[in-house]
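Chain IDs A, B, C, D, E, F, G and H follow the sequence of writing; residue 1 opens each chain.
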Amino acid sequence: MKITVNGATYETGAVTLAALLSELGHDGAVVATAVNGEFAGRASRAETMLRAEDEIEIVAPMQGG
Amino acid sequence: MKITVNGATYETGAVTLAALLSELGHDGAVVATAVNGEFAGRASRAETMLRAEDEIEIVAPMQGG
Amino acid sequence: MKITVNGATYETGAVTLAALLSELGHDGAVVATAVNGEFAGRASRAETMLRAEDEIEIVAPMQGG
Amino acid sequence: MKITVNGATYETGAVTLAALLSELGHDGAVVATAVNGEFAGRASRAETMLRAEDEIEIVAPMQGG
Amino acid sequence: MAGFYGIDVASRFMIGTAGYPSPAILGEAIHASGAEIVTVSLRREGAGGAGQAFWDLIRQTGCRVLPNTAGCKTVKEAVTTAQMAREVFETPWIKLEVIGEDDTLQPDVFALVEAARVLTDDGFQVFPYTTDDLIVAEKLLAAGCEVLMPWGAPIGSGRGLNNPYQLRTLRAHFSGVPLVVDAGLGLPSHAAAAMELGYDAILLNTAVAKAGDPVGMAAAFRDAITAGRAAFEAGPIEVRDMAEPSTPVAGTPFWQGAE
Amino acid sequence: MAGFYGIDVASRFMIGTAGYPSPAILGEAIHASGAEIVTVSLRREGAGGAGQAFWDLIRQTGCRVLPNTAGCKTVKEAVTTAQMAREVFETPWIKLEVIGEDDTLQPDVFALVEAARVLTDDGFQVFPYTTDDLIVAEKLLAAGCEVLMPWGAPIGSGRGLNNPYQLRTLRAHFSGVPLVVDAGLGLPSHAAAAMELGYDAILLNTAVAKAGDPVGMAAAFRDAITAGRAAFEAGPIEVRDMAEPSTPVAGTPFWQGAE
Amino acid sequence: MAGFYGIDVASRFMIGTAGYPSPAILGEAIHASGAEIVTVSLRREGAGGAGQAFWDLIRQTGCRVLPNTAGCKTVKEAVTTAQMAREVFETPWIKLEVIGEDDTLQPDVFALVEAARVLTDDGFQVFPYTTDDLIVAEKLLAAGCEVLMPWGAPIGSGRGLNNPYQLRTLRAHFSGVPLVVDAGLGLPSHAAAAMELGYDAILLNTAVAKAGDPVGMAAAFRDAITAGRAAFEAGPIEVRDMAEPSTPVAGTPFWQGAE
Amino acid sequence: MAGFYGIDVASRFMIGTAGYPSPAILGEAIHASGAEIVTVSLRREGAGGAGQAFWDLIRQTGCRVLPNTAGCKTVKEAVTTAQMAREVFETPWIKLEVIGEDDTLQPDVFALVEAARVLTDDGFQVFPYTTDDLIVAEKLLAAGCEVLMPWGAPIGSGRGLNNPYQLRTLRAHFSGVPLVVDAGLGLPSHAAAAMELGYDAILLNTAVAKAGDPVGMAAAFRDAITAGRAAFEAGPIEVRDMAEPSTPVAGTPFWQGAE
């Protein structure tokens, strides 16, 4: 189904947020996630079902001032 | 009855705000009034009945910056 | 003879400073003069004899700050 | 004779600047001297004869900014 | 001409009426200032009716009045005071002050924006006394204000422009909006500097009222405000780090001697 | 009234005549400035006789002229230039400039003091363009100068008052001496600030001549100088660190609510 | 020792990690700064996993991290970003930025206070990036903030302290509250001046990261911050208008000659 | 490393020895300052021989001494005092002060240049305490001085840099000459700012000696001077009028939300 990942359209086969992260190669990576603007904690990823049109944010540590 | 006029306790015989102003010698004076923190317009003074404990403000033009 | 007028070499037939001013068309003009760095007042121009190599300044009013 | 030492009148029996320093207890002290406003170097003290009215400065190291 | 809520005024000086040595000096100072707008206030009226005489004096000046809500510390107080002022002074104009702190008399920008919204909805034309905060300014405009009055420095401090950079930034962002520097100025040079930044007008009181000679100082500010505006319109020179001769160098006598 | 060598003038603005877009604009700017004293210079006269027309223009203004020695770098040049100026302009007044360095056009105070002495002995009335150095100022007075003209900043820089502290110190030390801030100002607020310090007059040129609208800027400086002087005479308020209400607190409505 | 939410730190310098020429130079600069607290951010992670390497680098510094919400313009964005940061960086600390305007990156103080309340209620320890507004500061404290971080000037401008008066006022009002000047500094003298006012710490990034030699500049700010704090504690002399000899006058040679 | 007359020093802080609460605190303050050069003076010696103990204390510090001519008001006094100092302190170095006025302790630049010439011809290595006058500086160099020490502000005033523009101009003109800001500083941020301008060293006394804690303040100035020099060498960022995000914008979460 079509979702948006980090602002770009993305076609995924993943059913859960956890699966999406694996699909994107983020297994074991230090990342945080939000679904449709709401924080989705690590513990909840496996139960977080994806829906078409979902807007997913996947963020990682980066330089900041 | 006992009311408060401009922050000071005051014993009045007046029944209306208009009467209070007369009693205080403000007839024809350029003043504005508030009752219990609400603006009471000139037109409404005659119908504005006073109640014990009312807090009346009577203000006039004064210097300002 | 060869003299310098306002910083430029000049060949003149004039014998006096007054004559030089006439030769240069400054008759009646509001100008002041110096010869070899010394002020030469209006009254002295007729007696001021020119010598070869003399450095003459002829100045007039101009804008200033 | 009467001389001035560091701005104050002083009656001395000393004949030379060196003798005056001894008389004042400055033997071996780190001091410099001037006579009548002129510097008088250490080497010259023994030959420096005092005269009445002489103005002697005797200075030593002191705090400074 | 400056314009506020559709009213054009020739003078860019708004003057306060408080704290003068005498009513006579107040009247002369207003006259000397050339101001067409004066700020006034409301105070509790006693038996003496002191307010009536003051009001007569102000009316005789022929100036338009801008009532303030000085001393108000809550939205409610400010709104009710504004309503009383509108009835007494018969004007929709209100200089909105909601003070948040007593040492600096700094505006409470939260209450200020809310009160501005309430009053604008009620038909007032609000002149908000505010800080130099750009975002607050945007919210005041969104609330319906058509004039902004950022402070130069705390009221009565006489410090001048505490943050010229921020005032310049405000001017650049709100090119279409009438901006008035209100409060904190002490000297005419402060007022001229504000006008040179492109501000539309100056509102002040203490610097004139408490001067040794209030009438003379009123005239001084009048001239400085005129000067600052004229300079803004005339286009000042650029600041340079090096000197540049004003008198032309070409033709200097003894030129070679100068080499 | 300010006075220089016994001449009283109503205007405290001395304006330079160099670098204007046109003679017509120069004339209008002088008129707008209200100046009674204008600075002029001497330059080498060519066949065209350009200087004659300029001189006619200046004479028509009716202003008193203050000739300068701009561009002179030695005592000898300055003295001879002054002597030529006295004959041409028929005045004992001379604005004495002896420039020591080309980037800042800073006065050479050593040559300045010597030239001032020579010229004073020769009967000149010297207006020395100097720095803000107190000791130099004393030597200029000792040399016979009865006016001092310290710089605000380098000529033409438009920076304003680079060292207000030192200018204030000069004013305090020479309370009886006419002091003129000469050069470096860019904005009317700079001129007002100098006058607020108690200076007697302002001399400037570039800030007006090179402005987008020289005539408008001349009027702006005129008003700012008037304002600054008036403020000095009117007695400004003290600067305060804390705020002070201009509108009286007593009698504020809802007082208890404010507690 | 300065303390923030119960954590004591010996260094009063918090340094940003953005915009350095290379990760190696970032590492060296952090080391040279002596900082124990570094600011970090969250950005969208791509396939490359760039964030992981950065995170390893930061962990190796042994510094405590202060994640920011840079770029957020609404309460919602800031809150969600903070929640993601808490999970990733495993800290309740958050440098709360809610930007209201792009040219000045000025905080939106309305959204800032609301977000601070929401985050504090959610257990965060908030370091709010705010203006120098006293009333806003009070509301942030009321919202549960135990630190305030007013700006010196707009982020990255390098202007220094735009309004020292207001910063001094803030310090005076909140004597018990840790105050950090965050953003706008360009030179070590700016940082020293802020510390001399009694501020508890300095947070900056651009002035170091974009310097010609970031490592050298990090050390420079480290020393200036130490110096400013030491001066505050040592009790500076009063400013005087007149001079006072440092070398004692008594006993000067040739004394009478000096009379 | 800074160098003066061929002597290299690691510390850019020259500290005065006058006016400390006690000799012990003086010793500790010198130690804390890290200074390698201390200024000293000569005073009339009484029977007690007070000078001898002071001299022992200074010798124990191991610092190089720079004797001054403080209090001298004529060339003659300064020259003789310098000659006495050379014999007593066994150094050709002399900090040349010729004071022209008592309220500001401003140098008499005329006497200063003459005394500098006399002393240089006599083999002294002169450190002239001067103003920020460019032409005077040139004359001092022509007289043989290889170091210049312009004032920041009047001695003991603690005002900082009264005229940064002029100090910057001096630095630009004499790029090869060691320049030391001498006198007038009150805070470490003042010293850092002078060093950021590219000055080679700072000489001060009162700001340390009269501080509440002279030893702490000596360390504060030491660090600020180090910081200012390091910043000068590291290449500071340009000042900008607008803000620039330190944290990169690219990859901000909720990007579309931010549009």
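What we mean here is this: a residue touches a chain if its C-beta (ideal position, glycine included) is under 8 Å from a C-beta of that chain, and two chains touch if they have at least 3 such contacts.
From a predicted model like this one, the values you see are computed outputs, not experimental measurements.
Q: Smallest number of touch links from chain F to reach chain G?
A: The fewest touching-chain steps linking chain F to chain G number 2.
Q: How many angstrom lie between the centres of chain C and chain G, each centre taken as the mean Cα position?
A: 71
Q: Distance-wise, how many Å sit between the C-alpha centres of chain D and chain H, to the nearest whole number?
A: For chain D versus chain H, the centre distance works out to 33 Å.
Q: Between chain B and chain F, what is the separation of their C-alpha centroids in Å?
A: That pair's centroid distance is 62 Å.
Q: Where in chain B do residues touch at least two different other chains?
A: Residue numbers touching two or more other chains: 6-7, 34, 37, 57, 59, 62-65.
Q: What are the residue numbers in chain F that touch two or more other chains?
A: Residues 16, 18-19, 41-44, 68, 70, 76-77, 80-81, 84, 103-104, 106, 155, 159, 183, 205-206, 209, 245-248, 251, 253-255, 257.
Q: Which chains are in touch, pair by pair?
A: Touching chain pairs, listed by label, come out as A-G, A-H, B-E, B-F, C-E, C-F, D-G, D-H, E-F, E-G, F-H, G-H.
Q: Write out the stretch or stretches of chain G touching chain H in their complex.
A: Touching chain H from chain G are residues 16, 18-19, 41-44, 68, 70-74, 76-77, 80-81, 84, 103-106, 154-159, 183, 186-190, 192-193, 196, 205-207, 209-214, 216-217, 219-224, 226-228, 230-231, 233-255, 257-258.
Q: Under the stated contact criterion, what part of chain B meets chain F in this complex?
A: Counting only chain B, the residues touching chain F are 6-7, 34, 37, 57, 59, 62-65.
Q: In their shared complex, at which residues does chain A touch chain G?
A: Within the complex, chain A contacts chain G at residues 6-7, 24-26, 29-34, 37-39, 41-42, 57-65.
Q: Enumerate the contact residues on chain E facing chain G in the complex.
A: By the definition above, chain E touches chain G via 100-101, 103-104, 106-110, 113, 131, 133-136, 138-139, 153, 159, 162-163, 165-166, 169, 173.
Q: Show me the residue ranges of chain G that touch chain A in the complex, using the header's touch definition.
A: On the chain G side, the touching residues are 16-20, 26, 39-47, 49-52, 54-55, 58, 67-68, 70, 76-77, 80-81, 83-85, 87-89, 155, 183, 205-206, 209.
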